[in-house]
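Several structures are given next for inspection.
Below, subunit A partners subunit B and then partners subunit C, in two separate complexes.
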Partner chain A sequence: MIESNELAAPRAAPLEPAGGRAGRGFWQHSWEELRSNRLGIASAVLLALLIVVALTAPFFSQFVTHFGTTQQDLNNPFSAPSRTHWLGTDELGRDTVTRLAYGARISLGVGFLTVAISLTIGAMVGLFAGFYGGVLDDVLMRIVDVVLALPPVFLFILMSILFRPNAITLSVIIASLGWASLARLVRSEVLSLRSREFIVATRSLGARNGRLIFRHVLPNSLQLMIVAASLGLAQVVLIEAALDFLGLGIQPPTPSWGNMLSNAQEYFVHSVWLVIFPGLMIFLTVLAANLLGNALRDAFDPRLRHL
Partner chain B sequence: MTESDRTYDHLLEVRDLHTEFPTRGGRVHAVDGVSFHVDPGETLGIVGESGSGKSVTVLSVMRLLQPPGRIASGHVLYRGRDLASLDNAEMEEIRGADIAMIFQDPMTSFNPVFRSGWQVGEPLRIHRGLHPKEALKEAVGMFVKVGIPEPEKRAVQYPHEMSGGMRQRAMIAMGLTTAPSVLIADEPTTALDVTIQAQILELLQQVSREFGTATILITHNLGVVAGMCQRMMVMYAGRVVEEGPTDEVFAHPTHPYTWSLLRSMPRLDSDSTEPLLAIQGLPPDLTALPSGCAFHPRCPFREERCVQETPALLPVRERQRAACWVTQSGRDLTAGPPPRG
Partner chain C sequence: MVGYVARRLIMAIPVLFGVTLITFLLMHFTAGSYVPGLQLDPNLKPSDIARIRSNLGLDRPVLVQYLDWLGIGAILQQVGLGGLLGGGHNIDTGILEGNFGRSLIDGTPVLTAVLERLPNTIELTATAIVLGAAVSIPVGVVSALRRGGRLDQGLTAISVAGFAVPQFWLGLMLILLFSVTFHAWHLPWLPSSGATSPIGGGGLLDRLEHLVMPAVVLAFFYLSNWSRFVRSSMVETLSQDFVRTARSKGMTERRTVYVHALRNAIAPLVTLVGLELPGLVSGALIIEVVFGWPGIGLLAFQRALQFDFTTVMGITTFAAVLVVAGNLLADMLYAVVDPRVRYA
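Take a look at the complex of A and B:
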């Protein structure tokens, strides 16, 4: 692989002794690259924090904020950020911090589940279509074309009416469209990997198709999938928030960032924090996921570094 | 195995192999009626220009042709069993276990994301179902045999951390882990520099001696053939034009193409004032082969008959066969071509 000169010069490890040392592999190398990317690391830390908050939301509400998600503090409706309600309360006096923490469970839960489902399906379709080619490729890719041609908003509305929306059905609904573009992405990578000499060489060792696909092609396309997953997470969080906002997603009183925003529409003139904080959470999550995705792409692909 | 009970003439024998690639411009006969054989401990050299069908021949033997390429007819008999008629699963058991292949470029023949030791152990995991730890131990043992220093350290390195020569040694180790009886080396030294080339060739010879492996060596380097192979065959436009014991072919080429190749190569023992001879013209277009003998437009010995009829591969000297009207009619090429007006 051709690496740029400025890459080789300052960062190159000291010359190894003739005997060599335990290998510094692709993943290790990428990790070192990623670690030196401050924006990427900051994004990863922010996402990790959000995940921790989402996972510990019940604990968080009990011991830190001392409010439940639907617990009403009727003495304090529309409270501005204060000592008792750090980020204020809504029209029923419900604590915004608590509801945002529970909202993180929805946003990130739906986000990760959707990415997991669409990546699994997309990767399988892409791997098989790209590796086998021929009729299988034609059939699978025409299905992908059809899915990509469906109008997403219309479909989301229809499906939300047909299935009672909760975190899981919502993930399945979003993933049912999201896998198609991933399948295309993976397929194009597999097409180029398939004709690489090491695949022929491995075949000459007697490797069967299954082994070639899952032990040799898949690990070589993992980096692409990781980047796609991170960027996909950002998209899904946005779509989920939009569906909640439109009333097609998570239904009140279960708090989600999207339906909190929707609820805040009527009040934002006098209680602007009701809009700002859920909006900020969505914004930060999407930004962090996108920045992390870009940082991962840079870390994996030496040709993109220092551009 | 039941087939080991059967008798067979040669360990690996290819009979009248035809391989073709359907293209828009017509059917390309990349391999056109090639026959050869190898036996244990023997090294057969296949020489020819790019596009002469050397690689396609061995890829056909391994059944590794990229579609739409296919074997149109012919037999590939390994221990008397026809590989050309096996189904994929049966072929997968032979590939890597009985017949192994070493590729031209050790830079691209390794999977970049795995440590070299892991990859060298891959055939053992595939064919013997070895545990990865066992396979790695065996791989380290093979590293020792192919002369890789500090094998334990090398085994945990990634391919990009090794030099070209080291990687080619590792490739050979990978081919040999299952002790195959046939080793096919497709231009194993082309991507390496000259000193490393010599070491790798030495290693291949040693392997052939020690393991009794039948080796098929593909090259366009006649010097390599002279040093390595007991027998050689020369290919041109998908056909074998000459075959025989290496020293006899070198001393007495019986096909004008071989004669031209030898004359185009500098030799230490020749008169240095004599200019090197270039072969006239270009290698033929396989979609539109010349009539008669495919070499006739470039042949200094050309006769009337060569333009019209295709010569068959027939004995010319005691142990040599050639596909040439000129030598089959008894002419000796060493006297040189007739002057042309």
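Take a look at the complex of A and C:
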């Protein structure tokens, strides 16, 4: 009994502590790099604020703005920014701040869900295609080629009209095309990892494929996925807003930044703020996600910083 | 080179089949039997509806409909194998023969509608691409030469913003400024919608006036993308050995930078621009909608809202073919400008 334990211990020892120490070191180092990047931290803080506003939108509307999303103030339509309505009201006197806060739920909710779905599918496809190679790789990559060749705007419009999406189906629609580029990205990373010495060494120690993929290749491509997720979030927020703007995404009266803009189109000649603020929210969110993605990339791979 | 091109061409065939199959199946399983207006018309007996659907060939098995839509049916019939598809229906020519079907709304051939709108879209996107490339090269080079300076930081900030600004919002803001506000201030203003004026329009100046705003919005996006690329490519090139050699030979700085380095730095841009070629057709949809530009994007959008699925399907396929062709062209252009690629 004791003997077998003693036998097992030294075999595991060279693997675990080494992997653990290297992992901590890398993430700690990256965090220090990221912390020194002021633009990146500012973006992260802005995104965090938006997430808090999105999560607490009902409390926000009840205790801070004192207006509901669909609550009409018919004495005050097209009100300019004022003390009661900080960013003004629309044609029915609905409070813009409240609606923007609820819009953040849609934009960020769809954004994160879409990124989660496409990253899960993309990472799986990329990992397996890159790791196993051969026929599996060929088949999966040809599917990726096909998906990437589909013109996204037309497909999104088509699917939106056919499925009449809510926030969740909208995420599925956007993710149904979004996973392909991620799969390609992860695959190329896996291809280069596969032949590295630490993978070859782990394999020669008798690690099975499943362990290699999920305990060694996956953790080592996490940094790539985090960067891709941040940049992907920016793109999804833009696409979602565009679909709402075209009237194909989230339908009124549920407020989203895109459908607020689409609504404002009729009135923007005399009520400029109706078109300015939702656009600014989209712009700031996308900007923050992009800058955070860039900052993360610099933090993970300082060689890229000076290019 | 010939072998390289042939290999890439052969690889494109299964991709094209996949694209047509996905588009067709998506349409079939969600809207397959739907004919606009038919179910709502109280004058039609169920037998009439069945007859109309049968005339449209919608009662055939999916596979037969797909092959017919592709145009393989017509090919099989010509070589005497038409029976494979099951008889009883007229087998039409398909997209392989350039027949993209007929609109469910007005019965006109989809291809005619597409070709009618195509020049407008190409006018818009080609202007934007040329504008974007022409401005991004000097911007990228200047940034690279003054790396870290105030000008570089300013230009970088603008291009980062260009990535984040929603195109439709930028379009609306430009309309607000140049059409609405300028008009109110009695300044020369720009038309906010269409490609020509409805009355007395069509002259060169009139077309340019309509083109400016949508083209600038679209070009701004390309510009922010490509100027970053030119900048980093130029920075990398300037640190290479051949540039040092040129300098150490006593070549003037101007000649080193603008002749030797620049040519090498912007060669990869060719690929990037090539990858945007499919965007010539499909890239401008939302801008066409905002500016009422009568191009393919606006056509697809309007027809989709009317449930004219054959038209949307035709345009989607058309655009997908162009994506594949564009990728192919980009690869070949790259192989031309950078001979190392061919042997890889």
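Quick note on the criterion: the second predicted complex is superposed on the first by the 281 of 307 C-alpha atoms of A that agree within 3 Å, B and C clash if a C-alpha of one lies under 4 Å from a C-alpha of the other, contacts with A are read in each partner's own complex, and residues count from 1 in each chain.
Convention: contacts are C-beta pairs under 8 Å (C-beta built on N, C-alpha and C of every residue); 3 or more make two chains touch, one makes a residue touch a chain.
Worth saying up front: this structure is predicted, and the values here are computed from it rather than measured.
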| item | value |
| --- | --- |
| Touched partner set for A:A242, first subunit B, second subunit C, both or neither | second |
| Partner chain in contact with A:V286 - subunit B first, subunit C second, else both or neither | second |
| Subunit B versus subunit C as contact partner of A:V200, first or second or both or neither | first |
| Touching partner for A:N220 - first (subunit B), second (subunit C), both, neither | first |
| Touched partner set for A:A149, first subunit B, second subunit C, both or neither | second |
| If touched residues of subunit A are counted for subunit B and for subunit C, the larger one | C |
| Partner chain(s) touched by A:A234 [first = subunit B, second = subunit C, both, neither] | second |
| Touched partner set for A:G210, first subunit B, second subunit C, both or neither | neither |
| Those residues of subunit A which subunit B touches in one complex and subunit C touches in the other | none |
| Footprint of subunit C on subunit A - complex, ascending | 142-143, 145-151, 153-155, 157-159, 161-163, 234, 238, 241-242, 245-246, 261, 265, 268-269, 272, 275-276, 279, 282-284, 286-287, 290-291, 307 |
| Residue numbers on subunit A that touch subunit B, as the complex places them | 1, 19-26, 195-198, 200-208, 211, 216, 219-220 |
| List of subunit C residues in touch with subunit A within their complex | 14-16, 18-19, 22-23, 26-27, 30-31, 160-161, 163-169, 172-173, 176, 180, 232, 235-236, 278, 281-283, 285-286, 289, 297, 300-301, 304-305, 307, 312, 315-316, 319-320, 323-324, 327 |
| Footprint of subunit A on subunit B - complex, ascending | 62, 64, 66, 89, 92-97, 100-101, 103, 105, 108-115, 122-123, 126-127, 149-150, 153-154, 156-158, 160-162, 171, 174 |
